[in-house]
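What follows is a set of structures to go through.
Below, chain A partners chain B and then partners chain C, in two separate complexes.
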Partner chain A sequence: MQANLNRYSRQILFSEIGEQGQRKLRDSKVVLAGCGALGTVIANSLVRAGIGELKIIDRDFVELNNLQRQILFDEEDVKRNIPKAIAAVEKLKKINSQVKLEAVVADVNFTNVEALVEGAKLLVDGTDNFEVRFLLNDACVKADIPWIYGSCVGSYGLTMNIIPGKTPCFRCLFETAPLPGMAPTCDTAGVINPIVNIIAAIETAEAIKYLTGKFEALNKDLITIDIWEGSFEKFNIADRRDKFDCPCCKQRKFEFLEAKQGSSITSLCGRNAVQITQKSIGRVDFQELAERLKKSGEVTFNKYLLKFSIDQYEISLFPDSRAIIKGTNDFSVARGLYAKYIGT
Partner chain B sequence: MTTSIKIPAPLRKLTGNQAVVETEAETLIDLISDLDKKYPGIKERIYDGKEIRRFINVFVNGEDVRFKDGIKTKITKGSEVSIVPAIAGG
Partner chain C sequence: MKKIIYFDNAATSWPKPVSVYRKMDEFIRKWGANPGRAGHRMAVGAERIIEETRHQTAQFFAIKDYQRIIFTLNCTDSLNIGIKGLLKRGDHVITTYLEHNSVSRPLEGLVKKGIITVTRVNHSEDGFIDLQELNKAFTPQTRLVVIVHGSNVIGSLQPIREIGKISKEKCTIFMVDAAQTAGVIPIDVERDNIDLLAFPGHKALFGPPGTGGLYVAPRVDLEPWREGGSGVDSESELQPKELPFKLEGGTINTVGIAGLGAGITFIQKEGIEKIRQHEMELTKYLLEKLSEMRKVIIYDSGDGEMRIGTVSFNVEGLSPAEVGAILDESFGIACRTGLHCAPYTHKKLGTFPEGTVRFSLGYFNTREEVDFAINSLTQIVA
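And now, the complex of A and B:
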């Protein structure tokens, strides 16, 4: 065994990987989109497992309420107020200096997503909203890059593998995002760290299988887990690929890349505010959303407008899901707030 | 005859935290309407007026209803009905 593979001896002893598998890992470039709860656990495991290169993309900064589940960050990172991608790379360098690491502090959108995923052997999902997943799905299907979807909220999580041309894609399963405000997010419904760890563990295992060429061992189902009640279910979704005329993977219409779907964002000059408009119009149920938001900040609403204050920001939401976010001119901050509290 | 439906955690707020609910419905659409009588609001979350919402997947005995008879899919005694909503957190 080569000297630089010694550190992986226990993994190499695992017969499904072996020295050959370890070399394949070392020759792999992975892109991790999102470095929050799922992302930090996945990055930690993949870097320890010895992948060759990891690009970490994230738009957020480390906050105190992240530390309960985001395992690469500590109180020092909160005090320094540094971007998550940078803080993660700092930690990961100490864990495994053999891995080439790249931090990208950016908001993934239709203008940059294709460049961000280019050259990846695999993309792993640690993001926190639907829009970015539709963008990643479009970009990965178009460029024939496999990706692993994972997500969780509360004690509940989902994961599936998307291998373009072989499995259904994300849009085959979820053709549209839920209406704004309809789906719980970690910032409105909370999340406990065991579900994060188990979903991230499955995503990592699938990544290792793929990168070591053990395609026959890959999960082909949609997996759902509720760690609080101890349930683990697998649903056969193979039919989707044959029977569904998917706009993305069958018709190859990349509507999110072309910005025909998703949101548009504009700065409201001189007002320290940003407007986000959703292209697929859905009516927002203010009553239900207010109920959810009142645990996180101050919320008031009438027939025409819902106002929600959190920290130094104020979100004004209209029934057609358009929002004005006051307190920032930064698009990625505004998108982050929309994804966290309104959810899309 | 009754069938048990497992309600996934993200929708449980609507069922007063009930994880499993019983129904005597014989088709999926009747099942959804029956659920809505007991737990108003749940129908709108799952069904768009014509079909199952496109961000929700429903499986009856592990089979995707979209490729069975959609909302008219038969529910027989002892069927296992699973609702899988898209979720975004991470």
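And now, the complex of A and C:
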């Protein structure tokens, strides 16, 4: 065994991986999209397991309310108010200096997603909204890069593997995003850390299987877990691709990459505010959304708009799901707030 | 898409007369070649239509030598060509607080580089500049007076003829930004003492976006800052000295200019007075209705004749952007909100940085549309 593989001896002893598997891990480049709750757990595990290269993409800065579940960050990071991707890379370098690490502080959107995933052997999902997952799905299916989907909210989480051309893709399962404001998010419904750890653990295990070439061991189902209720379920989705004429993986129409789907964002003239509009229009149920938001901040609404204040920001949401976000000119911040509180 | 009520004519007029759509369609199919660069029939045909439009535009503004109009991308382009082509180190410029960024920014850029100095003349609450103050602002270094004809925020109309006369007496170049007025207020460069007239094609002249023009009086010499192909005098190493070639390097927006020509023809057929009268009747009606509404604050230039069809207001308790989004989203009314690219005006009005809601009416708007908008606002403030 080579000296630089010594640190992985316990992993190499595991017969399914062995020295050959460890070398394969060392030769692989992984992209991690999103470095929050799921992302920090995944990054921690993959770097310790000895992958060759990890690119971490995240647009957010470390906040105090992240520390309850985002394992790579500490109070010092909050004080320094640094981007999550940078803080994570700093920490991971100390954990395993053999791994090549790259931090990308960016909002993933249709203009940059293809370049961001280019050259990856695998992409792992640690994001927090539907829109970015549709984008990642388009980019990965187009470039033939497998990716592992994972998400959680409350005590509930789900995950699945997407191997382009072989398994159903994300869009085979979720044809469109839920209406903005209609799905719970971690910032409106909360989240507990055990569900984060378990979903991230499954994503990491699947990543290791894929990167070591143990394709037959890969999970083929959609796994859903509610750690509070104690329910663990697997849904067979194998025939989903045959039954559905998926616009993405069957017709190869990459609507999110081409900005035909998804949201667009513009600065508003002369003020510290931006407007986000959705391409697919539906009506938002203000009553239901207000109910969810009132736990996180001040919310008022009438027939025409819903106003929600959080920290120094104010979100004005209109029935067609467009939003004016006041208090920032930064598109990343605005998209982040939209994803966290309105949700797409 | 449900029917839209378009109240954003100060940004770009819409809809256009049907003849504009037809003309552009016909032009690009029949004459889509490069004007003046070759001798074949399509190139000649394209050039003929451009020159006809140049002639027609010159007549429209009572310009004697039609070659002294150049076609540009838009009014901003025209203003930049004029301001940057004219001013030299040490020059002084007189302007106002009512200017659009297309005047303020080129000037401020030159100020920051230490090339020029600028004096801004104050205006009254209803948006009319103080002519006495203007008179006193001249220095021996004053080279240019540049003034917006119609305010794009509060709609006030400046007495350009008088200002032009003052400028002439002081041997200064007078430049008019006719962004909001060309096509709806009669402009006569001779009578109004205008040396540089910048106008957009896509607003009240009913042309498409991507068109504009600049008139350059014989006594003004502008340095070109866009040099290139002219189709004439190609053996010369430098840009030709003759207008329009001097300032019109590169292939111009032929199809857009053909459309602009059709727009001007429409105005000539309808009559500019009739267009103006319709817009004023509608504007006065809108103002009357708005002023009856509670929670609505109007920032305005009054209901006299020295105004255009642009009305700014705010609704108590809502930001302008919110009002605009509700009008668009729930009622299908398209209007502009914010600063309208005129930050100095809003600082004076006390509406900075949120700005205002702006309804800018055009010839194709109707009384029913104004009624609908008022009704919509009534529901919003309820």
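The criterion applied here is as follows: the second predicted complex is superposed on the first by the 344 of 344 C-alpha atoms of A that agree within 3 Å, B and C clash if a C-alpha of one lies under 4 Å from a C-alpha of the other, contacts with A are read in each partner's own complex, and residues count from 1 in each chain.
As a working rule, contacts are C-beta pairs under 8 Å (C-beta built on N, C-alpha and C of every residue); 3 or more make two chains touch, one makes a residue touch a chain.
As the structure is a prediction and not an experimental result, all values here were calculated from the model.
Participant: Given the superposition on chain A, are chain B and chain C in a clash or a fit?
Facilitator: After superposition on chain A, chain B vs chain C: fit, no clash.
Participant: Looking at the overlay, does A:Y156 come into contact with chain B only (first), chain C only (second), both, or neither?
Facilitator: The first partner, chain B, only.
Participant: Quick one: name whichever of chain B and chain C touches more residues of chain A.
Facilitator: So, of the two partners, B touches more residues of chain A.
Participant: Touching A:Q22 in the superposition: chain B (first), chain C (second), both, neither?
Facilitator: Neither partner.
Participant: Could you say whether A:R322 touches chain B, chain C, both of them, or neither, answering first, second, both or neither?
Facilitator: So A:R322 only meets chain C here.
Participant: Go through the superposed model and pick first if A:A37 touches only chain B, second if only chain C, both, or neither.
Facilitator: first
Participant: Put down the vertex angle at chain A formed with chain B and chain C, C-alpha centres only, nearest 10°.
Facilitator: Value: 100 degrees, nearest 10.
Participant: Counting only touches as set out at the top, which of chain B and chain C does A:N96 meet: first, second, both, neither?
Facilitator: neither
Participant: Rounded to the nearest Å, state the minimum C-alpha distance from chain B to chain C in the superposed three-chain model.
Facilitator: 22
Participant: Indicate the residue numbers of chain A shared between its chain B interface and its chain C interface, in ascending order.
Facilitator: none
Participant: Considering only the defined contacts, which chain A positions touch chain B in the complex?
Facilitator: Chain A reaches chain B through residues 34, 36-39, 125-130, 133, 150-158, 173-178, 182-186, 189, 191, 196, 199, 222, 224, 226, 228-229, 233, 235-237, 239-240, 243-244, 288, 339, 343-344.
Participant: Mind pulling up the chain A residues that touch chain C in the complex?
Facilitator: 268-273, 275, 303-305, 316, 318-320, 322, 324, 326
Participant: Flag every residue of chain C that touches chain A in the complex, lowest number first.
Facilitator: Touching chain A: residues 319, 321-322, 325-326, 329-330, 336-341, 343, 346, 352-355, 380 of chain C.
Participant: Per the contact definition, I'd like the list of chain B residues that touch chain A in the complex.
Facilitator: 8-10, 13, 19, 41, 45, 53-55, 57, 59, 62-64, 66-67, 82, 84-90
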